Each structure stands twice: as C-alpha cells, then as structure tokens.
Amino acid sequence: MNKSRLEAFSDGVIAIIITIMVLELRIPRGPHATDVKSLIDLSPTFISYILSFIYLGIYWNNHHHTMQAVKSVNGAILWTNLHLLFWLSLVPFVTGWMGENNFARWPVTCYGIVLLMNAVAYGILMAALIRHEGKDSLLAKAVGKDWKGNISIAIYAVAIAISWLNSQISFGLYILVACIWFIPDKRIEGKIKQREANPE
Amino acid sequence: MNKSRLEAFSDGVIAIIITIMVLELRIPRGPHATDVKSLIDLSPTFISYILSFIYLGIYWNNHHHTMQAVKSVNGAILWTNLHLLFWLSLVPFVTGWMGENNFARWPVTCYGIVLLMNAVAYGILMAALIRHEGKDSLLAKAVGKDWKGNISIAIYAVAIAISWLNSQISFGLYILVACIWFIPDKRIEGKIKQREANPE
Amino acid sequence: MNKSRLEAFSDGVIAIIITIMVLELRIPRGPHATDVKSLIDLSPTFISYILSFIYLGIYWNNHHHTMQAVKSVNGAILWTNLHLLFWLSLVPFVTGWMGENNFARWPVTCYGIVLLMNAVAYGILMAALIRHEGKDSLLAKAVGKDWKGNISIAIYAVAIAISWLNSQISFGLYILVACIWFIPDKRIEGKIKQREANPE
Amino acid sequence: MNKSRLEAFSDGVIAIIITIMVLELRIPRGPHATDVKSLIDLSPTFISYILSFIYLGIYWNNHHHTMQAVKSVNGAILWTNLHLLFWLSLVPFVTGWMGENNFARWPVTCYGIVLLMNAVAYGILMAALIRHEGKDSLLAKAVGKDWKGNISIAIYAVAIAISWLNSQISFGLYILVACIWFIPDKRIEGKIKQREANPE
C-alpha cells in the first residue's frame, strides 16, 4: 500500500490542528478591547500556544523524517497513525483550557496527559512501522533504543504528578521535553545518509 | 480523468471535518472552569467525538482502499464523491448536538440518519465506480455483494427506530457498526495482492 | 511554472471553505435544544448550506476540468486564481447570513453579489489562462464563447434586482444557475478526448 | 531531504490561515441583523480582511517561487519554515482585532509587529535556504541584495512608530508595502528562465 496518501492526510490534519489552535487566541472584546492590558491578559494563552505550536512542529518533523525511511504502509499503520492524530487533535483544547485559566492545576494535568498519550501513540506507530519494515530495516536501526521517547514519557509522568504541588514546575518540564526533541531526529537522517553513501 | 486531485480533495475535506469536530469540545468557562467536574460534564461530547473520529477514520480508510483499486474517474464519480463528502460534513454537527444533550432522543435519531445517509452515499459512490470500471474489474470482484454496507444500513435503520424507545441502545448499535467496519476492507487488499501475484 | 502547487493550494482552500461553512449550522442551545422545532428553525440555514455546497462543488469541478487542459501557469494566473478564491471565501459568510435571516432582502442581495463576483472572477481566470495558453490552445477552443458564464452573470444580475421585490424568486434563480452548471463542462472533456483520439 | 512535503504542509497551513480569517467576519446578529447598516459596520473588518488576504497571497506566491529554485531541504529549513508559519498564523488574530476596533492604536501597532515579524521570519528562511543551496546557487543569485525585504522592514518600523500619532497613516503604509510586493518575484522567475535557456 502506498504511503503518499497517509502522508498527505497526516499533513492535512496536523496543519489544521496547528492552525485552529490560534482560534483559541480570542480577539479581546468589550469596553477595554483596545487596551494593551487586554493583550497582556492573553499572554498565558499565547505562551501555551507557542509551546503547543512547537510540539506539533516536532511531531510533524519527526513524522516527516520517519516516513522518509518507510517504503510502504499497511492497515495497522493507517490505524495507529489515526490514533496518533486523535491525541494530537486534543492539543488545541488543552492548550486553550490551560492558557485561559493561567496554568491552573487541572488544565496543566490534562495538558500533560494529552502530551503523554501523544508520546505513547507515537511509540505505537513506530512499533507498527518497525513490525512492517522488519527488524533489520533502516528504520529499526535508526530508532534503536528509543531513549528520547522513553525519557519524554518519564518526564511527562513526573510533570503530571507535580502539577498537584506546583503547576508552574510541570509547565517547565513540558518545555524541557520540547527542548529535548527540538533537534530533529539525527538518527534517521544519519542512517539515510549512510545508506546513500554505502548501498548494501 | 485523473484520480489524484479527487483523492487530494477528499483527503482535505475529511481531514478538516475530523479536526473541526474537536472545536465542539468547548473549553469550560465560568466560575468552575478549572474544576474536574467541568471536564466530566464534557464526557458525553468526548465519547461522541471518539465514535465520530473512528467513523471518519473508517470512511477515509475505505476511501483510500477503494481508490487504490480504481484507475480513473469521471464526472459522475466526482459528484457522487461530493455527495458523500456532503453527508460526512454533517457529522460534526450531529456529534456536537448529541454530545451536548447527553444522548437525547432527537439528536441520537439525527446522528443515526446522518450515518445512514453516509452509508447510502458510500454505496452510491461504489456503484458509480463499478459502473465506470466495469463489471469484471478488480473493484467489482473485490466488493462483490456488499454485505457490510447492507448490514450497516439495516442496523442504522433499527437504531433510528429504537432511539424513540431508548437512545442508549441506539448509541450501542452505532458502536457495533463501527466495530464491524473497523477492520479495513480485506476484500480489496486481498484482490490487489492476488493480482500482483498472478497478473492475468 | 508548475501548475501542481496551484492546484493543491486551490483544492485546500476550497476544501476548507466548503467545510467551515458547516460551522454556520450552529448546534441548538437553550431550554429547547433537543426539540425537533429547533432543528426546523435551522432549515433555512440548512437549505442555504446545500445550495452553497453545490456551488462550491461546481467551482471545484470546473477548476479541476480547466486545469487538466492547462500545461503551465504564470504570475498573472496565480493572482487571478487567488482573486477567485477570495470571492469563494465570502460564500460561507453570505450563506450563514442569508440562512439565519430566513432569506431576508439584504442577505439575499449580497448572496447574489458574491455569486456574481465569483462568476466574474472565474471569467477573469479563464481569460488569463487562455492568454497564457494561446488562442489556438485546447482550452481556448473548449471554452469558445462562454455562454454558460455569460448567462449566469445575466441571471445573477436579474436575481439581485428582483431581491428587492421578492427574495424568494431570487433564491429560485440562484438554484436555476446551479442547475445550469451542474453538468460538468463537457466541452473540455470532449476536446481532451478528441485530442487523445486524434493527436495533431 | 525531499522538499515536496514541506511545500504541501506550508500550502495547507497558509490555505487554512487565509480561510479561517474569514471567520472573523461575523454574521450580524440581533434586531438589526438584516439592515445594510450592520453590513457597513463590518466594513473595517472587511477592509482588513482584504489586505491580509493579499499579504498571505504574496507570501504564498513568493514561497512558491522560492521553493521552485530549491532542490532539497534540511532540518534547519523545516524549522525556519515553521517559524514563518507561526507568525503567519497570528495574522487572523491581529486582522480581526484591528478591524473590529476600527483601526485603533494598539491593534494597528500589533498588526504592524506581526507583519514585521513575518518579514523577518521570511528573511531567516531565505538565509537558511541560501546557506543550504550555496552562495553560487540559482536562489542566491536571484535574491541578491534583498532590497524589497529590507525596505519592507524599514516601512513597517516607521508604520509601527507612526501608529501612535495616526493609525490611519500606518495602515496606508501597510498597503504601500503590499503594493511593493504585489508583483511576484521576477528575479527568481528571470533566473530560472535564463538557466533553462542557457544551462551551464
């Protein structure tokens, strides 16, 4: 089965998610609509938006990199991919909820849960891809022991627990994970270059 | 006529439908905006969202599979495809209406009607494709007697009728149909593999 | 210059316009949210939605057909295409306004103006395409005297004027134009087939 | 790394931004919903929408032209492109804010800041592309001294400062920059034609 429509559909969904998120930045209305204060009141929502934008950028980036190492897809991959898109689609909701309530406890906890589920869903997608491509595939070698994925899940779990003590620290941990992932997955790029330089 | 733009357009519309549906998950506002209770109040909407997400995933998946077995399209196919997209576009409305009103009678009935019309529209699209491809085509053989489509329509009809007695049972029936379809259409995949293995 | 990105961008914009239009179908809220009456109250909006969906389908269809007869694009085509997309993007606004106000005079007039401007914008795009392709091109021969486009513009103008006497008649005329266009542009399809059968 | 998915994703995001912007044109509601006055009240929003539509059209156009001169992309390009999309995604917000408040001081200032950041982000993307393609590349020669980009940034800065004295003049300056850019980037098109006519 051809991978191009799966790529196009995922691109479409991620592009829409990343863009509708900005709809949560609601235009100030009422008597003070044009005060700078009304803009400052939006700053927690804006900060949340920036972080979520980066997260979605990371997911799109990694999805892009991963799919380049993949030759074809099957039914299981289509569904694990949809499963990932489902959890990504919840990002705008938790982003807006967290931002509008100034990083209150429950919204920060839920933001973490959605990030955690995204990480898990991404792991499941990778597993389905590797099962399809084979253990000796380029992808399997490139991913190897997915320490980045595992460490992210661990940090999310800590951040979710800490959100009950101090939600600011949790938010800092979410930023930390974004920093870890910010660099695109060199492993796959490296392996592809190796293959090109040295085709077996 | 080339099928790639029809695929791209359908992908785009389905991707947007699946994503704007999440806008019906409205961020809790008001004095209790950060209570967990406000999240629990959203659970019927969330459950409806999950089911509709799966339905749209199934339609995208089957559309994907079907189009792979098709070589070209004509004007009738373009319009029967738009007809399907029309009914799919109503899914977010009935999903939100059903979820916000906790599976009340009329919303559940209408949800069923939209699902039914989607199934009918999909059947019409398949008929137009088979008419275009020919009775001896790969697609015609793969689809054969479309028992899944027929049984779905029958269950929807029952669910719509039952919604006047007990809307919970109707919702259960909608879940049942999703389960029947969850497995991607093996028939077409099987036939494609046969053709590849044994080109006539 | 390559035409594929122009096609992809136009598909994307039209797909989004056609889908966000359904957001104007607002979920009934308030004490009577689950009554069938609240659904009946939506019927003018729903009818407007159906007509606009068909119009956008026609534009997408004709765009699709036209672009198949085109070999490349230039800067002027990119901008006349964006100009068309601009007027198409106003369709959801006038559709919702007309539907919510039960076909009141001003909304019906404005709906007609937007349709008229779309027809004009489409004509400009066609002219830019023909100027680029040449007077002896497949496209120029296929379009010939664009009686359908001209008659549409005439009917829109009549409908806009009549909307001040009776907006129902105007709406009927909008339906009439949709019927005229419903059949995809056989001229271009016919010419393409001729060319394939008889390459000069 | 292949450039096609980056193009598709950018097309998707820009298409969505350009289309959701129209959602800020809110359907008039209330007792005077069908008066022509309610439409006139929307005119500042409508004028803002037209300008932003043209700006997004310019960015899409230039993005299109630039990418045609590019052979491949790398991680840095993916991220500088996402950075540009981030600033583009803020255009609907400032457009709506400016339009609803009739070109009040703060919204006009912020509109200018977002345009300025878009111009800066576009410059960063161009720099990343040229670094990747090489100083002797087609793109580097075509862009040369980016006087258009530099003059735009200068005018934006002036407009932002002037917005504190007279926001109408600022808006006029934003229109001026749009006029400067309206003509697609002839430099790149010219260089591509040269290359085709005279391949080294």
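In this document, chain identifiers A, B, C and D correspond to the written order of the chains, with residue numbering beginning at 1 in each.
Definition applied: a contact is a pair of C-beta atoms (placed from the backbone, for glycine too) under 8 Å apart; a residue touches a chain by one contact, two chains touch by 3 or more.
On a predicted model such as this, the values are computed, not experimentally measured, just so you know.
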Chains in simultaneous contact with chain B and chain C: none
Equivalent interface positions on chain A and chain B, same or different at half: different
Equivalent-chain rotation between chain D and chain C, CA atoms, steps of 5 degrees: 90
Centre-to-centre distance between chain B and chain A (centres being mean Cα positions), rounded to whole Å: 26
CA centroid of chain A to CA centroid of chain C, Å: 37
Chain B residues counted as touching two or more neighbouring chains: 8, 12, 16, 20, 23
Chains touching one another, given as label pairs in label order: A-B, A-D, B-C, C-D
Residue numbers on chain D that touch chain C, as the complex places them: 7-8, 11-12, 14-16, 18-20, 22-23, 25, 27-29, 33-36, 39, 50, 53, 57, 60-61, 64, 68, 183-184, 189
Complex contact set, residues of chain D against chain A: 1-2, 5-6, 8-9, 12-13, 16-17, 20, 23-24, 75, 78-79, 82, 85-86, 89-90, 92-93, 96-97, 100-101, 104-107, 110
